[in-house]
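Once you scroll down, you'll see the structures, which are given as structure tokens.
In what comes next, subunit A is part of two complexes: it sits with subunit B in the first one and with subunit C in the second one.
== the complex of A and B ==
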């Protein structure tokens, strides 16, 4: 019995201290947990604050846009100017849809070959030129798009004396797309395992054969993803084309004709005095957003397929 | 702008020295090599032409009217004087307000997406955010003009003005269309939010799980883990995301052109209309004569200067940070 008392004596002393420590730590833990809970709730609130305007934007876009695009004439007719006699005669936006496709197509033809080749060079070379071009492409990729419009205006319109035209807009969009394609291609080509290259070289293939027949096919998914993203960015840009395409009211595929574009007609209709045009504008915005969403989603699906294939 | 995550990826990627199969001493240089070099020369020429053309066209204005452009207000088309102070101040005001709002809310949102919402929703939400980041800015501008502007005019402005001193801070309501610098800042904030969240979510989600678990096992609360471990580890990427968002806000043209009101006054009362550099170029260019085009080009060089220096500072910060990390 006395043995046990002797053993318990020091335990009791520790117990007192432990209680004290526990009290202090409880106090701090309660404070820490309260603080943690508060901040977590704040983060949740931030999520809600983000979700509300963006959700509203998407909702209103579809809610107001769907009734507009359900009319076939929206896609097939040229725009009409409402008059006091026929205030709802807005026509369609066939010229803007064709214009956007034409602009993006010409821009893609100009930007893709150069962009991919430069990307391949950046990935495979360690020269000073490559280092400089890398900095240039990253700086250009973030340049404000209105500057591409200024460039296209002074180069194509003023220096080359080409009028307001599709080709001038395409040039501006091509300058916009180039750095994006360069960066994406460089990342894609860098992602190709070195073992593949070495295997090719070891079999006696010339460097350019290795690059063309082994590296490029292996990197093609990444390159295509980058190209799709560049196109989806270019098709939605207003500022660069605003200055140079002339906003033509005709359906035309010709590079020298003035054309319109979806973002441009959104800009013009949104500022219009006519309520009918301000209603129609939601339809145009919806078509544009659907274009962009389809492009981005296909890029994502394409990229995830690549990951699965590996 | 769905290329931004991509851009960041390339900026953050630690670069190896290249495979260098072309300069590994192989003497025979093929047609393919020259094709690549040709493409590079074209790309370099386009880039140099891009900067050079805008500079060249703005040179007369810089030579003769630099002081007016930088220090005066009032834009008298067609022959000047062309004062750019209002646009410069407007650009700074709108983009800084938008950035502060977007970064504060966006950081909370990214943390929520990565740590708080149920796992099975994460991919869906992340995809949605990336899609929203790809929505063209004109659509944000349209929404701001046709939905937010009437709401500001009828609800927000009267409510703001019912507070004491609000008139002195924000200005009076009575604006006819509801377009104002405040509305432009709000639209910019909503517009750069998805971009910022898309990148910062990515950056936060790659913080190693071991670090988080180690910290949790030491008894840290959820917020302590986020604050002491996750955010410091993700700091470089978050810097990058912030600078890209700022660059996007300063360069945004068409959304600001629609909702800022387009009035060239230096304006610190945010409920009054104003404008920004990019928006002013877009709205004035259509009817501009030769002299005015020169002045607009000069504004363009100013915008380029702001944008490129932001890009340089972010590159420098990121590289410095990487060095610090490498030492630790």
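== the complex of A and C ==
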């Protein structure tokens, strides 16, 4: 091409100008370093502010909780009923431990299949129904948990005439878990690269097979993380079960029996007039925290192994 | 049978009149696919149009042209992969062995088992083993018998020149393979369906030169059993491996269109359109 424009070079940009540029940039760099150091300090302070209360909480939990749970009967016995003659009677919380496990297990059985399928549907469909379901599940995720308790109370206890029971509490917890699982599953499924879907379609797979056999397995890590999050939240909730499980003083796995739960017994022991019961609160809280910790830790380990295997 | 088919075709489809050098020349074999006035638009905006040419059986046909000329868009129309894209519309007719693939008596899933596809980046299913990947298409289409699956896995992996290196580790996750091996696994996965046509969308653009060479060698042997249509950015590749060549270019309204279709030899040595010559000589694009 002939019409290449020749660029005129300025005769002499001059040392002065270059020196000035250097001076300004040196000053700028010094200021930037100062600002950078300030930001690091600020981040450190923020970290301290976050870590200190957390550390104190854990310290309190272990200092007061450990002596309680080291008591041999704590895991195996039913709660004691102190009297004026024996005000320091010590029992256990076996009913609440079993109750919490039962409640969460039934709730998980109800919430996981529905939640995962709805999540997959929301991610793979662009229908109006999907949009509506998404708004509903986001609203449900933000709703106060006592609402689930009220709902379970009016629906299971009043409408269906089922008494105070594990199943009623599980229902409330399942409703609580559902939006968490739906949202986590949708995000995980959306994260699956589209090229995998196309690969499946190009092999003549029907869209539902692509969703179930390719997309769902590829999203399983994110989905399981969401499920564990939902379970962790449900196991620590008092409000949804408060109205419907009946706080049973028996060890029972049956869905129609009244049961207790760890958070509920914290609530009840804390407002008890007997000091021996009030000190037990910390032991129960410690058990609850350890439960949740073990759950999320195992989920993390499982997820990272799964990731490495790929 | 081919003659019968051809005579049927002639009554059904008009020979393209506007382009002189299309595939109705007598020395050509039977057509595997025939494109007539094919266009693809997204939300009313044309991405590629005016594509009329025949894809001859047991030959490698390459689609070349600069970015934005609609090569991949056209390729994806051939197995109806645009179906799930909202707002996508395919115009004109595309025939597979005499059947209109959009309006004829063929389901989209059947079409895709007959017209396989290999993508730009290797995309084996990450949760499946090498074996499971190879036979995944058969499983999706309801084949469960282990003896059939085992045989299909072995023969397709052999066809993709992968069997020797993976034979001892079929149960290993497919992601453990190198990029080139993964792409050959994707070819095996497509071949397991025993397709008539294999679409390849820049299958070597994410691979190193040695892996590229292996795939190219593979293509030249594959055309004995399957008709290959390949999109490529690489003109040397098109010249090396393809028998026929379609050159596409973006028009003034930013829609791609077919400039010329002929044997690769003609396109590269003695094209009719000066733009084809400019492109193959590397003057633009």
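By our rule, the second predicted complex is superposed on the first by the 243 of 310 C-alpha atoms of A that agree within 3 Å, B and C clash if a C-alpha of one lies under 4 Å from a C-alpha of the other, contacts with A are read in each partner's own complex, and residues count from 1 in each chain.
Convention: a residue touches a chain if its C-beta (ideal position, glycine included) is under 8 Å from a C-beta of that chain, and two chains touch if they have at least 3 such contacts.
As the structure is a prediction and not an experimental result, all values here were calculated from the model.
Engineer: In this superposition, which partner touches a larger number of subunit A residues, subunit B or subunit C?
Structural biologist: Looking at subunit A, the partner in contact with more of its residues is B.
Engineer: Now for A:201: first (subunit B), second (subunit C), both, or neither, which partner does it touch?
Structural biologist: It touches subunit B and subunit C both.
Engineer: Between subunit B (first) and subunit C (second), which does A:15 come into contact with in this model arrangement: first, second, both, or neither?
Structural biologist: Neither: A:15 stays clear of subunit B and subunit C.
Engineer: Examine A:126 and indicate which partner it touches, taking first as subunit B and second as subunit C; both and neither are also allowed.
Structural biologist: In the superposition, A:126 touches subunit B and subunit C alike.
Engineer: If we overlay the two complexes on their shared chain A, which of subunit B and subunit C does A:220 touch? Say first, second, both or neither.
Structural biologist: Touch partner of A:220: subunit C, not subunit B.
Engineer: Thinking of the overlay built on chain A, is A:254 touched by subunit B (first), by subunit C (second), by both, or by neither?
Structural biologist: It touches nothing on subunit B or subunit C.
Engineer: So in the superposed three-chain picture, is A:27 touching just subunit B, just subunit C, both, or none of them (first/second/both/neither)?
Structural biologist: neither
Engineer: Under the stated touch criterion, which partner chain does A:141 make contact with: subunit B (first), subunit C (second), both, or neither?
Structural biologist: Once the two structures are laid over each other on A, A:141 reaches subunit B alone.
Engineer: In the overlay, answer first, second, both or neither for which of subunit B and subunit C A:63 touches.
Structural biologist: Touch status of A:63: no partner.
Engineer: If we overlay the two complexes on their shared chain A, which of subunit B and subunit C does A:193 touch? Say first, second, both or neither.
Structural biologist: The answer is second: A:193 touches subunit C but not subunit B.
Engineer: For subunit A, give the residues common to its interface with subunit B and its interface with subunit C.
Structural biologist: 126, 201, 206-207
Engineer: Contact residues on subunit A for subunit C in the complex?
Structural biologist: Per the stated touch rule, the residues are 126, 193, 195-196, 198-207, 209, 213-214, 217-218, 220, 309-310.
Engineer: Could you pull out which subunit A residues touch subunit B in their complex?
Structural biologist: Within the complex, subunit A touches subunit B at residues 32-33, 35-36, 38-40, 42-47, 49-50, 53-54, 56-58, 60-61, 113-115, 117-118, 120-121, 123-127, 129-130, 132-133, 135-151, 153-155, 158-159, 175, 178, 180, 182-184, 186-187, 190, 194, 197, 201, 206-208, 210-212, 226, 229-230, 232-233, 235-239, 242-243, 263, 266-267, 270-271, 278, 281-282, 285, 288-289, 292-293, 295-297, 299-300.
Engineer: Which of the residues in subunit B end up touching subunit A in this complex?
Structural biologist: 1-3, 6-7, 9-11, 13, 17-23, 26, 28, 30-33, 35-40, 42-44, 46-47, 49-50, 53-54, 56-57, 104-109, 111-113, 115-117, 127, 130-132, 134-143, 145-147, 190, 193-194, 197, 221-224, 226-227, 244, 247-248, 250-254, 257-258, 278, 281-282, 285-286, 296-297, 300, 303-304, 307-308, 310-312, 315
Engineer: Which stretch or stretches of subunit C touch subunit A in the complex?
Structural biologist: Subunit C reaches subunit A through residues 79, 81, 84, 86, 109-113, 116-117, 119, 121, 123-128, 136-137, 139-141, 173, 175, 186, 189-190, 193.
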